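My questions will all concern the structure given below.
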Amino acid sequence: MANLSRVLFNLVLATAILFGLIKILSKAFDFVARYISSIDKKTKRFINIGIALMVAIWPIVFINQPYVLRTSIIVLLYIVLALSLNIVLGFAGQLSIGHSAFYAIGAYVTALLTVNFQISFWIALPTSALIAALFGLLLGIPTLRLKGDYLAITTIGFGEILRLVLINWTNLTRGPAGIPGIPFPKIFGFMINTNLRYYYLILVLVMFTIFVSYRLLNSRLGRGLIAVRDDEIAAEAMGIKSTYLKILAFVLGAAFAGIAGSFFATYIHYVNPDNFNYMESVLILCMVVLGGVGSIPGVILGATVLTIIPEALRDIATYRYAIYGILLILMMIIRPQGMLSMASLKGGAKSENSGNKKRNKGLRGLSGS
Amino acid sequence: MLHVKELDVYYGGIHALRGISFDIEEGKIVTLIGGNGAGKTTTLRTISGLVTPKEGTIKFKNQNLLKIPSEKIVGQGVVQVPEGRRIFVELNVEENLMMGAYLRRDKQVIDEDLEYVYKIFPRLKERRRQMGGTLSGGEQQMLAIGRAIMSKPRLLMLDEPSMGLAPIIVEEIFECIKYLNDNGLTVLLVEQNANIALQLADVGYVIETGEIAFSGEAKSLLKDDRVRKAYLGEE
Amino acid sequence: TSSSESSEIYIASANPMTGDSAQFGDMKVKAIELALEEVNKNGGIDGKQVKLLVGDDTGNPKEAPNVAQKFSSDKKVLAVIGHWNSSCTLAARGIYESAGIPVITDSVNKAITDGTTPHIFRISLTDTTQAQHLAKYAYEVMGKRKAAILFTANDFGTGLKEDFTATFTELGGEIVATETYFEGQSKDFSPQLTKIKSKNPDLIFIPGYYVETALIAQQAQSSGIDVPMLGTDGISSEELVKLGGDAVEGIKFAGFFHPEVEYPGTKEFVEAFRVKYNKEPDTYAALAYDSAKLLLEAMSQGGATREGIKKYLDNVKDFPGVAGPIAFEGNDVTRGIIILTVKDGKIVPADIQP
Amino acid sequence: MRILETKNVTKAFGGLVAVNDVDFHIEEGEIVSLIGPNGAGKTTFFNLITGIYEPTKGEIKFLDQFLKKSKPYEITKLGIGRTFQNIRLFSSMTVLENVMAGQYCRTKADLFSAIFKLPNARKEEDRVMEKSLEILDFLDLKKIKDEIAVSLPYGYQRRVEIARALATEPKLLLLDEPAAGMNTGEKKEMQGIIRKIRDKGFTILVIEHDMKLVMGISDRIVVLDYGNKIAEGLPQEIQHNERVIEAYLGKGGAA
Amino acid sequence: MFMEQLSNGIALGSIYALTAIGFTMVYGIIRLINFVHGDIYMMGAFFALTGLTVLGLPLIPSFLLGMIGASIVGVLLAKFAYSPVFKAPRINLLLCAIGAAIFLENFAMLVWGPETQSFPTLIENKTYSIFGFKATTLQLIILGVSIALVLILTYIVKYTKLGRAMRCTSQDMEAAKLMGINTNRVVYFTFMIGSSLGAAAGVLVGMYYKAAYPMMGFTAGLKAFVSAVIGGIGNIPGAMLGGLIMGVSESLGAAYISSGYRDAIAFIILIFILLVKPSGILGKSVKEKV
């Protein structure tokens, strides 16, 4: 109790600093969004290539700073995870707070296959995705008729059940002791055993995830998904089979989470049920919402920021999560639409406001998004 | 009774009202007409305190409405039938109507008023235990109007009351407005159906893209060429 | 700046500082800081002040490697005390190993010192060793034959459960019931206890930590179970008595440390800890304190480098720790256990030691 | 040809019979108006045809097919498009995207070909774009195609809804109060639009309370009251039908 | 053993119920999955504990201190964290709640320290038994308080003017304002009641287990959520029912299936109930009219 005043002082100070910082950043994000929505195709391609180049040489620049490399790899891993949830939440509007279950399935499948059966990572990776997708299907078919909060608790439940299975099925999973000794991946005799190599491996997976997300979003299926998210009744009346699309999104999201899990297992060489608890799902959810639900660049940014911030705060160990909590709240207040929202990328701030016109109806709003 | 002066309202980057001024005298029916997106709804919302203007003043009986929150404005007797009906979907018809009388304490008179509303809209009486959300569009509109009447307003603002209503009910409603007005109620009417509105009103204001384009006696506006062409659909 | 670089030495400690197990990390850090304070007050090591960096691994194996990488990459950091959870140590040890940074951990999973990571030293006993000691004590000293187990479902609890079961049955005893719960989450143990009660055991073995153990003891008492209980070093804390009240009277448990089991420095340590934090040091505190002292000694003896420290640790013999003399064998400390018990609301060494 | 036919269609909500034993039909190429007092059951009737509700009793036949337990999306695919009384546009989409979403049921590309843009998917996308632009052009919405649809004024939103319904390539188009909330001039415009759509070969069933519009466009009018069909006939007949005047039009409504 | 396990389950269930009532009430009004509820419960326990130990107050004033302290926290959160986001999509509100939960847990850790603190024994805990059912004094108090709260709250929400104002605010805040309802006050009031209920639960449970610690709200909040959903989220008697179902199924599950899967059993029951009745046992499904 004695330190109450000091704690309060520190936290108020932190809040004030964060508030100012986010205000400024918010302006910056607006500017970026406006810029992105205004540039033409050619410049866009140019910028994309620039970013790709930067991302590609990044690890070479920091080759002697393993901590930077490692953090970058974790950032990329979370980008895959956040994008995978984005397909479910952002595209299909389904609030899932049990996403780490699919992440866990991917990780455990890879761990079991590579450790117990000495199967190559290159087979374990797609198998992990496939099995995670299968679980997505099994969960999705019965539960996707549930709405909003009911779906949310069901997905939490699924995540918890899975975690308990991992803990209790000791014959298969070694229970809480986890599975250590997951080997380095090897392709045609080429061993992925340094941070640098892992970086490029996860980078390829990130690229693949982004590619699929973009193509999906801009296809007929993507339009169908967004339609279902915006208004399911109207979507059905337009001939869109909403259950099919929702399940599709769920399955795809699960598959990419499985891929992320598979990578995680080979990178850490150790899996343990604690990695995949409910807070992990919440963290992924925060990345998507903070970045901007549905917006691919936004979600990438969200994953990056939310991975780096706790790292940056690691030195103030005890204040770390208190400040993290404040940050979430402030972000939601100052920038509810997320850092780079879908709407802002579509047409700048103008449509942003009027887009809210319909949603402002009290608290009932849209159920999912 | 109500003085609106130089209202400027923005939605984000959109300049929705550009210096609107008008007055409503006690006991009069005043109508605002104008095309889609002209700013009529915005005007009403600003008066009710749901939107905060950037500039301007709103005075009701010498009180500055901009200084008090929405719910207190209602307490002053400034009540509106909002666009899009906005009834409470999980309350039944009678509960909805009673919500209109939320601030009132004169229980006896409330019951009389309830009977009055049921008299104008017998359909609501038939449906008194039905959930608001399952009513048909027109029934909801009746409910929204009935609910406003239940709050015994001094200034009643109606945002497109005739929308989605059967012709026979539209007649009823305008008769009802007339009746209430005859009993001392001041009315601000926003209506797309300029013909009816101008026939009923004493004074009319025409809004175009957030500005008052012109105004005048309602009857004379009916004959105004600009009005006839743009709002009465005559060639 | 170069002046600060030359005048300061860093060690780090990675523990849960937030989350379910934060109290353990808190205890450890307090003890380490005490050790550093003492050294620094006396002029530090070679005139350099020793500083502590604290890393929060939240007790989650996902975060542990990041902390490990951060410390390993930081050339200033000469050694690490930590990871409290076995899962964290397991997830992080590869990184420490490849950075060649010596680590002293108090987590118990036997896989940690499987020979692949010579830089990781363990200052507490492995779960296997402790379980064997306890099973023998239960069978031979206490004379128990029918044990029930109520264990916490993490690597610590599961490991102890399994090894205890193995030894106890090997000796001729029988495990009549095995039930589980979750640390930090379970508060209600009545279904498990009711079930255990129906099996009529003559001993309940509870590998877990003090919060849950105190609750278990209370709930056992109120559901009329009057069977002796045996716990692990995880409950060796004053908090057990505070939380458990008279329900924990007579409970026996393993410990590596007790203020009354005096070694050189024990008394002073306990006294200093009490003065500074107004708390009783527990086993984790004592082991962390010893770890810190050990590292400090290593720095002044073997030189203030990672290699120097490691070399010292490899060869240290009979280092005078407050929880008993320390030496490592295959990176595991060689020590026995003390059996403690609660008597009149105080933790005291049991009458008969193994 | 009879494009749609209902027999004894009934829908009850608990004890409340919203649509009662309605026999109804519409011929190809017709514009039929469905009118009636508020709460007569008009919207409910639409919802029955489009599969949002299942009839308590009776059958609905569309192009020789009985719509029994068909899902809304299946019915749309069969060829019935609709708009909603309370506008339901896709709130995050632009006008163009809304209309493109309407084409969903007329396209086939599966996940794989959509993601890898195989030739069939590519061709389909081009066609969707072309067709959508054509519809927008037809309804004079091309200049606002990149606006977020729900940010538009009411009148435009109604038109976008019609465009989106047309994009489903319906044989029968159901319009629920397309002119509500419009002023006289805009209503007139809407009248023109509906005619124009019919002239393109669509069959149209419209619910509307504006008598000028109804009289102006309808080939035939059907009147519901308390769920029952109380009258059916040519505009002039309805206008002078005593029952209709009493229940619906009122004394001034006939004008 | 069965009867004994059943009493265990009812005792546990009434604890869940007590926590779930406040949770479900806030949901009923604000439509917010109040992830913070568990942490408010924790704050309540700590405030009361501070009253008992640091300030040396007797039981009842400490109890009140816990409730008042937690209500203040609840109202502050409503004002500074929730109100500003009411107009944004619902998921933002959810994230604010998550942020607030993380914040409170760690705030408590900073102020009171991370370790578990013991609650002094204040009520003599006797065991009663009738027909094979067993219950202690505190268990009976908890059950009694839960039932009383269900009755009182149901009355307030269903039959009072304030209750109607609460329901209106939840359905359409702007329209509620147009009725002259001071919606801010309604929201704050809701949080005040919800938080003080949460705190009451926290203090009682703290006394029951004789322990309080910063993370105690996490599991409690999740269990409250599950209980509320089983009963039909937003429905006050439903929360009570859901809590009891959870408690009993956990106890019986732990006894007859496996203690390791104890929490899974609760979730499996939840999922099963939702599949049969997508809006919980007592929840009514409101279909949107088209």
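Here the chain labels run A, B, C, D and E in written order, and each chain numbers its own residues starting at 1.
By our rule, a contact is a pair of C-beta atoms (placed from the backbone, for glycine too) under 8 Å apart; a residue touches a chain by one contact, two chains touch by 3 or more.
In this text, all values refer to a predicted model and were calculated from it rather than measured experimentally.
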*Where chain C and chain D overlap in contact partners, by chain label*: A, E
*Higher C-beta contact count, A-D or B-D?*
A-D
_Based on mean C-alpha positions, I'd like to know which chain lies farthest from chain E._
D
*How many angstrom lie between the CA centroids of chain A and chain C, rounded to a whole number?*
36
*Return the distance between the CA-based centres of chain D and chain E, expressed in whole Å.*
48
*Starting from the mean Cα coordinates of chain A and chain E, work out the distance between those two points in Å.*
30
*Identify all positions of chain C at which a residue touches two or more other chains, and write them in rising order.*
17-18, 153, 180
_Two or more other chains touching the same residue: where does that happen in chain B?_
86, 134-135
_In chain A, residues with contacts to at least two other chains_ = 167-168, 233, 318, 320-321, 350, 354, 359, 361
_Interface residues, chain D side, partner chain E - complex_ = 43, 47, 52, 84
*List of chain E residues in touch with chain C within their complex*: 1, 4-5, 8-9, 11-12, 15, 105-106, 109, 113-116, 118, 121, 125, 127, 134, 136, 205, 209-211, 213-216, 218-219, 250-255, 259-260, 262-263
*Which residues of chain A touch chain C in their complex?*
65-67, 70-71, 74, 167-168, 170, 175-178, 180, 268-270, 272, 274-275, 277, 280, 311, 314-315, 317-318, 320-321
*Sort out for me which residues of chain C touch chain E in the complex.*
17-20, 22-23, 25-27, 153, 179-182, 184-185, 187-188, 190-192, 194-195, 198, 211, 214-215, 218, 222-223, 239, 242-243, 245
*Given the complex with chain D, which residues does chain A contribute to the contact?*
211-212, 215-216, 219-224, 226-227, 229-231, 233-242, 248, 252, 294, 342-343, 346-347, 350-351, 354-355, 357-359
